[in-house]
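A short write-up of the structure that comes next.
Per-chain residue numbering starts at 1, and chain names A, B, C and D are given in the order in which the chains are listed.
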Amino acid sequence: MIRSILGVLPEAGQIINLCAAIMLLLGFSMLAQRRILTLINLFLLQGIVLFVSILTVALSTGQNHLLWSAIITLALKVVALPWILHRLIRRLSVKWDVETLLNIPATMLVGIMLVIVAFNVATPISELSGTVLRSTIGIALACVLLSFLMMITRSKAVPQVIAFLAMENGLFFAATSATYGMPMVVELGIALDVMIGMVIFGVFFFQIRQQFDSLDIRQMERAREE
Amino acid sequence: MIEFGLVLGIPFLAALLLAVCGHSRRAPEINALCSLLTLAGAALLTVRVIGQGPLVLFEDHFFVDPLNVFLIALTALVGFTTALFSRPYMRVEQEYGRVSPNRMRLYHSMFQMFMCTMLVALSTNNLGILWVAMEAATLTTVLLVALYRTPASLEAAWKYFILCGVGIAQALFGTILIYFAAERVLGSEGGALLWTQLDAVKSDLEPTVLSLAFVFLFVGYGTKTGLVPLHNWLPDAHAEGPTPISAVLSGLLLNVALYAIIRCKVLVDGALENSFASNLMMAFGLLTVVVPAFYLSRQKDIKRLFGYSSIEHMGLITFAFGMGGPVANMAGLLHMTVHSLTKSAIFFAVGHAAQMAHTQVIDDIKGLLKVSPTVGWGLMLGALAILGMPPFGVFTSEFLILTTAIKHYPWATPVLLAALGVAFAAIFGKVQAMVFGRPVIKPLPYDPAPFPVFLHLGLVLMLGLWVPPYLAEWYRQAAKFIG
Amino acid sequence: MTFTALFTQLFALFLAALLAPALTGWVNQCRAWLQNRSAPPLLMPYYTLHKLFHKEVLLAHNASSLFRAAPYIVFSCMALAAAIVPTLSTDLAFSPAADAIALVGLFSLARVFIALAGMDVGTAFGSLGARREMLIGFLAEPALLMVFFAASLISQSTSLSTIVETLGQREFTIYPSLAFSAVAFAMVALAETARIPVDNPATHLELTMIHEAMILEYSGRHLALIEWAGSLKLFTYFCLGIALFFPVGISLAGTPLSIAQAGFFMTLKLAAGGFLLALVETLSAKMRIFRAPEFLGTAFMLAVLAMLVRLLLETGP
Amino acid sequence: MSILDWILIVIIPGWLLIGIIGIVFPYRPHLIYGLLFPSGAVLGVLLAVCALSGIVAAPQTRVLSLGLPDLPFHLRLDTLSSFFLFLLGAASTGISIYAGGYFRRGKGAIPGLLCLLYHVFLVSMVCVMLTDDGYAFMIAWETMALSSFFLVTSDHRIAEIRRAGYLYLLIAHIGAVGILLSFGLMAGNAGDYTFDAMRRFPEDGIWPAVAFLLALFGFGAKAGILPLHVWLPEAHPAAPSPVSAIMSGVMLKTAIYGLLRVSFDLLHAKYWWWGLLLLLIGLATAVFGVIFSAVQTDMKRLLAYSSIENIGIILTGIGLTLIFKSFALPHLAALALTATLYHCLNHAYFKSLLFLCTGTVLHATGERNLGRLGGLMRSMPRVAWLALVGMLAAAGLPPLNGFVSEWLMLQSFLFTSGLPQGYLHMLLPVSAAAFALVAALSGFAMVKFFGIIFLGQPREENLLHAHDAGRHELLGLLWFAVGCVLLGLFPNLVIAMLDPVTRLLLGSGLREAVAANGWWLLAPISQDRASYSAATFFVSLALFIPFVFVVVRRFFHGNLDLYGNVKRVPAWDCGFPSQTARMQDTAEGFSQPIRRVFSSFLRHTRQHPSPFDTNPVYRGSVEDPFWKWLYQPIVRLVEYGTNIVAFLQHGRIAIYLLYSFITLLALLMLTNG
């Protein structure tokens, strides 16, 4: 059963809804963003919002393992990953990401349609949840889809990875806010995977640049059926 | 308990050990030995589960039931034979200067780690841990696919990583949705992600949520299974990685991903009480059978060719499970077994052939039968087996699948027939050209490893003519269990 | 098999072998008359045979044993064929042994051997003749078979004796199917017996000959046997035509008197037939070899039509 | 021990053991060819004997604990399978003897491997006849295809042979899937694939027809019916001659067995249009086969097309049987079926004989091309005379065996009065005409075959020194030649043997009708309607020929010396002075009339030399029109498909992600809506 959280922290519902809205907004701004540094910063912001929302849920429901989740989020998404990314782009000296495969206004239009779809899909679920947090699932789904769209439209490796990480953020948000947290084991595992994945990404960036002289993934279209 | 510890513990410890000494001269033997121990553990575990029924361990987070115990055994077996095969194979690669000692260390360590993740994925009861293990399996194999660090292998690994990463993220969303639905029934302490518990209450789960969850899980794990149109990573990854890895990717990883889908399907079927999941699986299965068949004829790279063939077979299995019913489910399980055995055997043979010819280009490999009869016959018989020629076991499952299909879904059979025909024409034509003819290639510096190839083919042959009673019993139980 | 049947059989066989060259002579005589030439004597073929039998055999260097065996086989086949056809009586000892289909088989057995003999020496003309002969054969054979079939649909039997008995006993009714068959049979017979317009028995012009081309290398007794076999074939075809389409007078009882009567009728009919043949040969010109398929194709079609007409128009026996 | 036990305990393990011994000692030709193949032949005789006694015995069944969990292998020996086992045993005996001599002189393939594959091939054919459930049948069926494929490609260094093998296995496999689907349709619910369950398949609705058509497709692919025949003229020439012989003589008959089993035994053959379909396909196949056979220039291809023709004839017979059965004319149906089965047996004999002869010629000369053969009658007379027997039988001439079955077939065409279906009534005489045409044309093809190879002058120098067959080979050839004669001379005995088979499938037989006339006179309906006495025929010919010989020699030449001194002179040839071997008709020249007459059927391409050519070369080839009209379009269709799917795999990761994305969205909307 879902425990009512309003008794412990009356504003918790509002806070989480607010966080959800900010997540969506950040998702959109990432979609529209061309500059890679700003992208990383937006990702950092998303991490913070995620942290706040998890913390809120943790405090309001008193689930201790969610506190751990919050701490992991803080460590990983706010501190570690942005730091690694910053270091990476400095080492690889990529600053700009001017090219997208689809122009920005069109991307935004598609994004809005995605949000509509996501909300529509989530409606039956939200109606079930019976809490004030009914919109979070929809928003989390929208975030995931927006990040997905961003992965499709970016032509450089680093933004693609950032989009991938943003997608994880959306998933985390869904996991914590809509369901009040997955079991601890799972969250730890997920976090570990993200961490290792990031390391591998890092290794890859260097390898790719060494082999292809660029991080433009359009170079990597050789394996195809011609 | 001890057996189970062996099964999970040995690969993990071996991974750590080989991370230290994986570059030494005896590392391939250590690798094989550890795999053998794992296999022994798996065998003991199987005996025990057959004798004493399902096993639940580690606070319900792990369990071994009829459905997964044989997959565990199969995984351990193929892992062991692959380790045997990789012994001469990787030595030759080292001789050719394609991998450095450091890379050998990475290879051996990651190989064991990969085995570990797959065994965890198979034996876990927790859908969350299943996800984690699948992701970990992806990560380890990404490193293995990129082992050669050539542009092509990096490209393949990158595509594999991104596509499977994104796919698996969808699966996570699906898992969250299941949790969301289950928590309302089981409560957050009640182990809402534990499959056994979910299975017990599956009819109470909210159908709309579960159908959405299944879509995400299906797309997610389906990417890893290689269902069309989510399959694009698969041929690249198969072609560019070291051949032992192609063998385990095809033979094991795809199975594990499919296993995850089946587990979820059982829940969804219970909750929905309609054929939503079945129809989805049948549709995608059919598509996945047809499309790769048409790719096959244009392949120039031998490993890519068999990569597409794996996709096709995954489609066939998915279709079989989609049809459901005792016969089709049994056929699906049988096909999983024989496909992994046959396909890995083929990759073993292909690996040696490609090493002899110094190329994976089909047109440049000729007259294998003359240069190395074992490799030549292995490849020929393997290809015939995978194409569904009796008396090999692949035929058995295809027989059951096709006869069930024409009985219950006759509209699907022309499609299957066309696909199987086209696939036969393509694969057999290419393999025949490689095996027969006047040789243009030279023998290897190390003896090829015929044992793994012929062990697998022998098992497949046996399954075509005679299914041992306990195995049959397992198939029957598991088939009933899938519903 | 009664003793009379056996006796009749041997008598018929003997008569056929004896009379066959005379028929050839008669046809040649009629033809000469019609063409305003002075005619050779009626017994000319006998003189020729006698002459050939006494001549020495000259064999080509690479003629094989098959080449030497073929004349005997061909002659025997033709004699057997002549024996099967109920010319005088329907009560023949051989008649159960071979029906119409077997008769066709017998003809083609002879044809195959003579064609093989033609190929044996390995000259340009020999194989040319063999191939043309086989061309005529594969078209004429089914046509002949169809003629028999049309007749056997009336009698519900392929046994020649039964066919002739049925046709001989019936009251006079016009069977359109028989008319078609008769025309078809006549065409087939012309082709099979190497007559104008398909072949010219008298020609030795290289490019037009068919039958003669195959037997170019034969000499002496071999040639005599083949010539005789040719006469027998002509005779047999005449008898067949008579038996199928004009069976009046054939002995059904098998008594010596009726056989003698039948012999008389037969001689008359043969004479008339021979004259008709000469007339046809005189009036028509030899066709190009590749018109022959059309000619025989027409015969084939007519025979098939005869069967269909039989099935459509003439119900009942 | 019952007959089935004999086969299961002695023959099958015996052959397998021989094969295994062969593979254990792969390079011991003396052991393999001197001992193993002859012992295989002994087992063949044993099989024939077993099968003969099986024809009159009651059906026997066994269940082996192999196979699928719920479906052990069911075996059953009834009269139908006994008949085909007899055919297999009898034919394999001669071929095994011959193979012992033939392979000894071959090179390339590993002897032990050949031995193994050959005997596995035999065993798999035995199993095809014995199995009584769909699964085991398919296993045996495909093992047969596989082992014969490896035999065909035993000399795989030649690209043409590889191509032939590929085509063969491909069509065999696709056909097998058709059979499999047919079994799937007929199978009982819950996966009961035994033939017993299939016999209970409901008889109305569309599904029996679908099952029948699938089976026809599947078995037709193996038998080589139009338009699935294309593998046959490729695979038969490619295979070593004993293998061609056994493929053509026996393996094609397994397809006939399957078709009979499915259409009569399992589906009960109720609809007349099935018969009509078979009749039309059969006639088309026969006409096509014989025309193409007549224009071939490769001796084994010629025989392969002739096999297509004979399969057409057999199929026509099955079609007639089906028609008669569906109109409840049991006696006629029995007549047609007897003719069909008789022809199966005959074809096995004469075609094996001819293929084996080509094998000997091939070994002696190294040539398959008719344009480079000729005059072998003189250097290899024994083979030539035996080939003559086969050739006469294949041409359907009395008194040999081919004639008897064609005679029976024509009889069954002829007495079809009283068919209620108007069109059918009209069609049958026309079919009879087509059938007669086929029979006559096969004579043309066979004269060409024999005449070009054995008669005339040698077209190449080395043919003069060609060596005759060895002892083993000759024995094998003799086995078939004697068989051809005996099968032709004693039709009543054969028909009495076939009687239980027709009784099983139709409930009626010819035994009484035949027995009424004694052993020497064949009159399947009554003596008034039709009769044929091969023995009389043969005896009169056999007496008359020497009689003529004696008379001629006695009266005109005074001596009876068989090889009497005759004067040898140069050939006359109308007095042309220079004659070379090149001036004879070539294979192409001989078939020129056929090409003229049937020019619209054939795709004939020619290259003429120019008048000024100093070294003129003429090329002509006749191509199978089905390549152009059927197979090439299919290939193009597949290529089109591959181009479309190739577009999917574009190499760009964003596009791949887009696929996932669209799939996800589409499924989400589907679920939602």
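By our rule, a residue touches a chain if its C-beta (ideal position, glycine included) is under 8 Å from a C-beta of that chain, and two chains touch if they have at least 3 such contacts.
Everything quoted here is computed from the prediction, not taken from an experiment.
Of all chain pairs, the one linked by the largest number of contacting C-beta pairs is C-D.
Centre-to-centre, using mean CA coordinates, subunit C is 35 Å away from subunit D.
Subunit A and subunit D, compared by their mean Cα positions, are separated by 70 Å.
If you average the Cα atoms of subunit B and of subunit C, the two centres end up 78 Å apart. For the pair subunit A and subunit C, the distance between C-alpha centroids works out to 101 Å.
In subunit D, the positions touching at least two other chains are 645-646, 648-649, 653, 657, 660, 664, 668, 671-672. Not a single residue position of subunit C touches two or more of the other chains. Each of residues 121, 124, 148, 151, 217, 220, 222-223, 225 in subunit A touches at least two other chains.
Contacting chain pairs (ordered by label): A-B, A-D, B-D, C-D. Listing the residues of subunit A that touch subunit B in their complex gives 1-2, 63, 121, 124-125, 128-129, 137, 140-141, 144, 148, 151, 157, 160, 164, 167-168, 171, 174-175, 178-183, 185-186, 189-190, 192-193, 196-197, 200-201, 204, 207-208, 211-212, 217, 220, 222-223, 225.
Of all residues in subunit B, only 158-159, 162-163, 166-167, 170, 211-212, 215-216, 218-219, 223, 229-230, 232-233, 235, 276, 280, 291, 294-295, 297-298, 326-327, 330, 367, 369, 384, 387-391, 395-396, 399-400, 402-407, 410, 413, 417, 420-422, 424-425, 428-429, 432-433, 436-438, 464-467, 469, 472-473, 475-476 touch subunit D in the complex they form.
The part of subunit D that touches subunit C in the complex is made up of residues 374-375, 377-378, 381, 384, 388, 392, 395-398, 403, 407, 410-411, 414-415, 417, 425-426, 429-430, 432-433, 436-437, 439-441, 443-444, 446-448, 450-452, 455-457, 521, 523, 527-533, 536-537, 540-541, 544-545, 548-549, 552, 555-557, 566-574, 576, 579, 581, 583-585, 589-594, 596-597. Listing the residues of subunit D that touch subunit B in their complex gives 65-70, 134-135, 138-139, 141-143, 145-146, 153, 156-157, 159, 162, 165-166, 169-170, 173-174, 177-178, 180-181, 183-185, 187, 189-191, 193, 210, 638-639, 641-642, 644-646, 648-649, 653, 656-657, 659-660, 663-664, 667-668, 671-672. Against subunit A, in their complex, subunit D makes its touches with residues 645-654, 657-658, 660-661, 664-665, 668-669, 671-672.
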